[in-house]
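Both complexes shown next keep subunit A, but they swap its partner, so subunit B is in the first and subunit C is in the second.
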Partner chain A sequence: MVGLSAGEKHFIQGGIAQDLRADGRKRLNYRPIYVETGVIPQADGSAKVKMGATEVIASVKLDLARPNPSQPGKGKVSLFVSCSATAGPMFEGRGSEELSAELSVALQRCLLGGKSGAGAAFDPSCLSIVDGKLCWDAYIDGLVVSADGNLLDALGAAIKAALTNTRVPVANVPAGASLDEDPDVDLSSQETTRIDTSGVPVIVTLTKVGRHYIVDATSEEESQMSSAVSVSINKERRICGLTKRGGAGLDPSIILDMISVASHVSEQLMNKLDSEIAAAEADEQDT
Partner chain B sequence: MRGIQLSLNQTQRLRLQTALELLETLSSKASLNASVTVADNIPVNYEDGVLKYKPEIGDIIVGRVIEVAPKRWRLEINFIQDAVLMLSSMTLPDGIQRRRTAVDELNMRSIFEEIDVVCAEVRGFQHDGSLHLQARSQKYGKLERGQLLTIPPYLVKRRKQHFHHLEQYGVDLIIGCNGFIWVGEHVEAKDDMVVDDQVNKSEQHSSKSRNWTSLEEQEQTHTPAETRQNICRIANAIRVLSTLGFNVTLDVIMETVYLSSSLNLEIHEMLGAEFCVLVAESEAERRSSSAKRKG
Partner chain C sequence: MEYVNPEGIREDGRRPLEMRHLHAEIGTVARADGSAVFEMGNTKVIAAVYGPREVQNRSQQLNDQALVRCEYTMPNFSTGDRMRKPKGDRRSTEISLVIRQTMEACILTHLMPRSQIDIFVQVLSADGGTRSACINAATLALADAGIPMRDLVTSCSAGYLNSTPLLDLSYFEDSAGGPDVTVGILPKLDKVTLLQMDARLPIDIFENVVQLATEGCKAVANYIHEVLLENTKQLEYRRGL
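For the complex of A and B:
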């Protein structure tokens, strides 16, 4: 991202004020979303999402493990995001650490729920094999391949698609086997179950430029932002997480207004994503 | 399919494939009795310098200032090296042809600053291979009030005209040979005779933009809505052509814009899958009908 001259910045701000952005979108339009699932065959679930020039990949890998003693009936979920150096020279070496950490924390907040497990995107008890003894650990990894703004929304969409694509192997534990040492778990049945992702929220980021908010900002538009609020909302229009970025302070009434706008936009996005994910899954089964 | 990743459904994919195949057969017919046999496939990394910009003297290019150095500006122009625009190759704001003094050197930033978008012409090559630019005529200079697009340089063919003033849209279109295309509001070329007024106006304008103007003042100087719509439509047409890998010339751009307005498409729908397929089909039709007329 090189930077924009004063004339170009003025043009972008003018566009947002007049509800006609540089690529012709209105303030609350998303770029065309392209979803492909099953892009990483070795992973248990994976998806690639493109929003314009932003491209992200999410993968879900499951490993056998012991459940947390405080939550014996649930598997453990961990989430981490990294930025590939192909996204730009600023991501080479350790350049992407700050951004990766910020994205990871925001996604964890939106999707993993609290310490007690409440408010999580999906119910981790579907990952349990034997109560208190054996469960699946889910490692959700996000990778930013190309960055053109709105990384959080794209990652949220990719993780939702990857979770829908995930096939949890059905593990048959022979009866009477001692589970205190490494048990002989039978995975040969090749049966899989799916994770119920109807409760996975979508993340809508509203970027404030001047007096107006836009959705799905490109990196040029993001460079002009004063602040951004990311809201994750589920099908029942309930807020699962909230993050604010940017140096400028916001009046509380503006934050409430942004939340209501985000909630309104989320319905469209949720429907679009659901249909794209379903189409991608159908495509994958055909090939 | 050349890695065009749009969510096309089955029918759209088929239509696009047919159109692209038709275009390929047409282009091979054009090369007269030659037949091509594919002997070997050599994988090429597209990000290498294989398909980079190949400059020639007299090329019109659009670049971005990255450094203000003593007596020159360094511009980034989508080439392996940065281009140099000497202060002596640039018309001064007062338009007088004179020797550049030390005061001119100190005032270089009032002409172009870092990150400004500039239009210039290739004057020649330096001994180390980097480009020398000139911006002597009034056509060249700083570009504001618009947007800069980047497309692969091999899609721009050298023509007689690279500056296009589209009167019916009120838009300036500059197709740089280096793959940078500027689409912006039309700006009248400055008159040399009006010296004092220009200097005063430019000073006022630059001081205004530097101070923090209130939102209302900024809104008054914004591009009018209709011109903005035309700018966005033309920019999207260029984006679609670049995605499809078609040569970007004024005729093709204008046809794409007519196509989109005749279909009454919303501007942002021009970036969707359906319009992409339609553009490919109409281009295939256009070329096949012109081939039939010739042959």
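For the complex of A and C:
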């Protein structure tokens, strides 16, 4: 990536201070968000989200497995993000490991809930087939195809859309079958159930440049940040996860202020996402 | 197992000489110098080109031509069963090499000495013929990046099952264990740049199958031509010409 000159840096910082960013947005405006679902035919659920030049794909795959003995009535969910080399030569070979790990952990924190299973984005008991013996393991994979800032928000949106798009096959286990060895699971009925994603939070990242915060930073704006706080908020305006990045220290009152601004912005983002996802699902059903 | 039923219809409803549906888009990755998405049926591949740019590793710099590098990756979710290791496994390394050699043969590297051209290919969804889809996507991405080339490179696969030559194998047909021939050609110059085959095939049938794959390549070349022409018209329109 080409570096920025002193003049360009000044332009970005000055613009943000005057509530007029380089692409004409105000500080708290998102770029146009475009959602498409069902983009990966082999996956059980998938979605592609574009925010400006940032493009990410999320997929959900379900595999039959034994549930965790400590949570017999729930399926297991795992989440992993990787950055494709198409996003930039810096992601070639092992270059993407650090960023992928950072994004994976931040998303796991927001969406997967604690060890007891409480606080997860969706209830994993919808993945259970036979209590204690058979369940679906959900593998959520995120892929960054093109990176122009604000990857976390885009990935959060894509995962929410992919989960909404997921169809869980209805598995019929013949009664009386022994479940200690591999049972004969009947997946021939084409029926599917859906996952209730009304509780899935959205992630809002606030990037602090100078004395102001902006939402949905491009990678040039991110290069000028002093710190960034990503807040994950659900429909009830409750915080589901929090991550702070960047070396500069922040006064606690500023963090509280950023959280309240994020909460305010999240409502707009949540509504926009819900309507985009519904439109994408309707589109997919038509084709 | 029956791959072609008595009426001559394949498992996915195609005739033996019929290709899957093709779809391509140019310019999808805004930050790349050139990019393209190429779909052959359910196989979907995205390619991005970065270059010509300064060589990152001085020891690899070539003084009389450009250095062409390629990386091929398949994410965990692209195949039917979830894969464990998306990068660096032997198949990916081999395909990266194959794509690099094929594209290097057609890029006019002597026009860009001491520079580097990176081609990154990412498989989004694999259903047979990924190698071919990757080469087609790379060609489009290089054209989008404006990198000078001798000709387009197009690729297609063909096989031979139930005594019938079949064009453009899907994953189901590929996994039957029969021969799988992948051909890459320079359509205008009418030259073959890539020829790979696995399993066994008698020589006279081999010629037929290669001929079939070459016809498939030409059909892909026609489609790519249309896509590029349409893209150029769009660019002209946006510039107000």
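Annotations for the structure displayed:
By our rule, the second predicted complex is superposed on the first by the 287 of 287 C-alpha atoms of A that agree within 3 Å, B and C clash if a C-alpha of one lies under 4 Å from a C-alpha of the other, contacts with A are read in each partner's own complex, and residues count from 1 in each chain.
FYI, contacts are C-beta pairs under 8 Å (C-beta built on N, C-alpha and C of every residue); 3 or more make two chains touch, one makes a residue touch a chain.
Since the structure is predicted, the reported quantities are computational estimates derived from the model, not experimental observations.
Once the complexes are laid over each other on subunit A, subunit B and subunit C cannot both fit and instead clash.
By the touch criterion stated above, A:S59 is placed in contact with subunit C alone, subunit B being left untouched. Once the two complexes are laid over each other on the shared chain, residue contacts for A:G3 go to subunit B alone; subunit C is not touched.
Contacts of A:S70 after superposition on the shared chain: neither subunit B nor subunit C is touched. Shared-chain residue A:R31: touches subunit B; no touch with subunit C. In the superposition on chain A, A:Q285 contacts neither subunit B nor subunit C.
After overlaying the two complexes on the shared chain, residue contacts for A:Q42 are found with subunit C alone; subunit B is out of touch. Using the contact criterion defined above for the overlaid structures, shared-chain residue A:S253 touches neither subunit B nor subunit C, since it reaches no partner. The single stretch of subunit C with clashing C-alpha atoms against subunit B, selected from 116-124, 134-142, 170-178 or 188-196, is 134-142.
The part of subunit B that touches subunit A in the complex is made up of residues 5-7, 9, 64, 66, 76, 113-117, 142-148, 184, 209, 215, 218-219, 221-223, 225, 228-229, 232-233, 235-236, 239, 266-268, 270-273.
Remark: subunit A residues 39-43, 46, 53, 55, 57, 59, 61, 63, 80, 82, 84-89, 92-94, 139, 141, 143, 145-148 touch subunit C in the complex. Every residue of subunit C that touches subunit A in the complex is listed here, in rising order: 28-32, 35, 42, 44, 46-48, 50, 56, 71, 73, 75-80, 82, 86-88, 118, 120-122, 124-127. Of all residues in subunit A, those touching subunit B in their complex are 2-8, 10-15, 17-18, 20-26, 29, 31-35, 50, 52, 210-211, 276, 279.
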